[in-house]
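Here the chain labels run A, B and C in written order, and each chain numbers its own residues starting at 1.
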Amino acid sequence: MNATQPNSEIVMPRMGLTMESGRFIKWLKQVGETVRSGEPLFEIETDKSVVEVEALADGILSQILAQPGETYAVGAVLGYLSLPGGTSPAQAAIQPESSTPAKSQAQPSGTASFATPAKPKASPAARRLARQLGVDLAQVVGSGPQGRIVAWNVQTAAQSLPLPAPASTRVSPVAQRLAADLGVDLRQVQGSGPGGSITRQDVEIAYQRQQAKTEPLSPPSPLDTEGIVEPLSPVQRRMAERMTQSFSNAPHFYLQAEVDARNLVALRQSLLQPLESRYGVHLTFTDLLIYFTARLLPRHPLLMAQWSEKGLVKFTQVNLGIAVDTEQGLFVPVLREADKLGLAEISRQRANLAERARQGKLLPRDYEQGVFTLTNLGALRIDVFQAILNPPQAAILAVGRIKERPMVENQQVISAPMFTLSLSADHRVLDGGKAARFLSELVEWLENPALSMA
Amino acid sequence: MTDHKTLPIEPTLLVEMYRRMLTIRFFEEAIFDVYRKGWMPGLAHLSDGQEATPVGVCMALRPDDTITSTHRGHGHIIAKGGQVEPMMAEVMGKVTGYCRGKGGEMHIADISLGILGANGIVGGGLGIAAGSAFTAKREGKGRVSVAFFGDGAVNQGLWYETANMAVLWKLPLIYVCENNQYTEFTHWKKLTAGEGLAARARAMGMPGIEVDGNDVVAVYQAARQLVEAARRGEGPATLVCHTIRYGGHHVGDPGTAYRTKEEMDEWRKKDSIQRCERLLVESGILSPQEIETTRSEIEARIQNAVQQARQDPFPPVEEVSEHVYA
Amino acid sequence: MSTRELTFAQAIREALDEELARDEKIVLFGEDIGAWGGVFRTTEGLYEKYGPERVIDTPLSEEGYVGMAVGIAMTGMHPVPEIMFGDFITLAMDQIVNQAAKMRYMTGGQVAVPITIRATMGGGRSSGAQHSQSWHAWFAHVPGLKVVVPSTPYDAKGLLKSALREPNPVLFFEDKVMYHKIKGPVPEEEYLIPFGVADIKREGRDVTIIALSRMVHTALAAAEQLAQEGISAEVIDPRTLTPLDEDTLIQSVCKTGGAVIVDEGYQRFGVTAELAAVIARGAFDYLDAPIERVAAMDVPIPFSPPLEFATIPDEARIIQAVHRVLEGRRPQ
């Protein structure tokens, strides 16, 4: 496929929750005809009726594959629309949530073999429901024997799913499957479909690029003193743009607070064994931080709001982003409705997401719609740091490492485990007072966990 | 020289017996040829040399009497009135065969002629023959059932079970044992205790008669006796016919590894067709020219059957799952 | 429609009686079926009623009289040979498998073989390894045969009458324990039950239990117990193995998401294996748990009662299997 004359896939759309295939009736345009976005392009028959399906972009109907009377699965390619002009860099497909640029190489090794995606254990019924309800099985916890995902787990997961992502981040189902099979990180993929959506060809190209990256881009010249220019990947470029935009547009301010971690340490100690044996999870400090932060946020809803020209956008669903450091870079997967999760569940989901992030297997659903971010560099020996806001969020909490430090209590100098919290906030949304009230209450809870029950 | 007026048998009947024996002989020779040329699949079990027994027995039967046959059954089928054309087609697996190609060489049947099937299981037809006798008795029309089998089946349990019931219930069942001396590759005397089947039949309570299986007239007379008795309701009987097969157990086995040339030469001197021919000529029933013409005519018919069968089509694959159930 | 309570044996006897009266071509064969009335009393009184021409005592010659029955069927009558203990059917295997099953096919459709072979099945009476087996699976594996396995007096009568009008070889398996222990309503009026139609003996939502013959009653008892735990089990009786009503089985499992298959034949390569394969294929996308099989243990059936009962499927084992199928599948 010629990158400068992209073709957009015309696919069988899903017109209903349970639709799995549709019967193609006829094309309403001929090959070579110009098509405007929104114009009826073809007719299909679903269970319910005959439906006109409109074009999703301006273009020319360049190739038709679907035959009248044949039945095609949802997502099947029915034909191609050739789009006018070349690639538009502004139409990058996905909004990655990470706050630092990702490395350009998605795969750790440059070998030609691709890893088979590890399929979660799920019954055939669960898989069918997951397909129908659009649930990602990797997000579902199974209650069946040996952790097998069963039907009701999927149903439960489906009920708590947020609404589908807006069109600008669309990935065609075919592309999603192919990306999973080839082990392609969709955030590395430039979308060329309508509205910047990612098509199968985009994934193929990204895959080729990944493979090609094993070779050096240009041999270093011994006389080179000017440094070697490595062109930015689309994601790098996007990251740079967004961070610049965030940093320059959102007036950041920073609040810092030290936390006496004695009770927190004791709490963790007391829960470590029981959680391990009863739920099979390893409790970390991050888990505890997530727990308390998530439960505190609904009391300080402005921390979850976002700035827009039209006004403050308020959110109530506590989707907490957790920064995960991996070889490929910093990812920020999201724990949905974290305030409703038990500690064991938080730990399990966090570990699951972190592992998939390390394997490069996060999908858009995994990092969309976060409203607050927690980033912990304590494991990397950082005592304190100020994080840049994760646009479009208005607040981000940076956590440093727990270390025994001298402190004064009852006019005595004692040694106690302590760590520093650093809250960065968007001054267009929050003022010092509001941010401070959140942070100080959080510190209170961390120092005296039982207070969170009040 | 025997005048045909003093023959113990109707001349026309003798001519018919001669024709049928010739048909069997030429048919078997044709099959040998067909098999060796690769024009038929599977195995071929030939009965040339044994012609007198089936012909002698079947000429004593009515059209509605039934027979069951063996894996070496071409002779029985032709003797009972089977036609060489659908037989040859069946042997080649063609749709024009008696069984539409589904039975093959070992399982030819024509129910309308009372041929209840050749059988691939040694002794496999014994139960069916007994059943036919049971029904015959129920019908009350004097119908008779004949079971053909070889010296091998003599030691199958089914013979004794059915013989016991046949005697017990006085079924019109005639057991005809074609003892062609060899059970596959072993002489029968090495496998059968005591004095043989005729003696065992008598021990079971039914007449057991032995006869020269290569003398078609002798076979006919003996069979006639037993069949008529059965028709009268006197119960079952056993006829043991001593004969020989010229070929091996099946085509591919020349039969020489376990039989001596001397032995075979002795048997050929008693060839059933030659004896019949001599009788016909000496009695003035047929002249040598008529003999010649008869032979050529039957030979030609069989050759035509071969050519026709080769051209006939195989059954369509769609038929594979037909005829499983009624 | 008025009904009366009949035992399993009485229902079978009634079917034989009615068909003997209807069709003079039907003749019964078997050991001690005539003057004695049958060791299980299934032919009681028939000898007196129809005489020695229609109800025939045979010598101990299973191969002989079954073989004879094949010939009788091929020449226009409808014989009904009985195998007193299903285990003895091995003596007649050639006549059933190589002759009866194949005659129509091998003759290219020239002949039909209307023979109904009645054989018993089932253990649980300390009859030992050679008198307790259930061989219906073997014959379901032979093309050309039909296999019927009724579980109630109602089913037995309707299916046997159909078998006695069927122009093909039928193996009709009767469980010995059920003969006098199972009673049920049987209509006074004539009725037939066609082959290839399964019967939903109990409707349910949570799991499908498929069972045959006496195991149907064991499964129903298990379903009662499961209901106490709040588990709603659907119990389906295929009634005939050949032809098999696959659709009813598959539809049920699509509804419930889980299946437990129960049979008194041995487990390996038995009835439960075939039914499991049929369901795995037909209901694949609706299975929420692996299919469970509860069948006789793969050991010769022991004589001593505690040992024997350890090998035969019972309520407890069915309930355990249901629990495995439902593990972790319901919201707590």
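The definition used in the following text is that contacts are C-beta pairs under 8 Å (C-beta built on N, C-alpha and C of every residue); 3 or more make two chains touch, one makes a residue touch a chain.
These numbers were taken from a predicted model, which means no experiment stands behind them.
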Chain pair with the most C-beta contacts: B-C
Central chain (by mean CA position): C
Intercentroid distance (Cα basis), subunit B paired with subunit A, Å: 86
Mean-CA-position distance for subunit C and subunit B (Å): 42
Gap in Å, rounded to a whole number, between the CA centres of subunit C and subunit A: 59
Partner subunit B, residues of subunit C touching it in the complex: 53, 58-59, 61, 63-77, 79, 94-95, 98-99, 103-114, 143-144, 146, 167-168
Interface residues, subunit C side, partner subunit A - complex: 257, 284-289, 324, 327-331
Interfacial residue positions of subunit B with respect to subunit C in the complex: 66, 68, 97-103, 107, 109-112, 116-117, 119-121, 124, 126-136, 138, 145, 157-158, 160-162, 164-165, 168, 322-326
Contact set on subunit A toward subunit C in their complex: 123-128, 142-145, 148, 150-152, 156
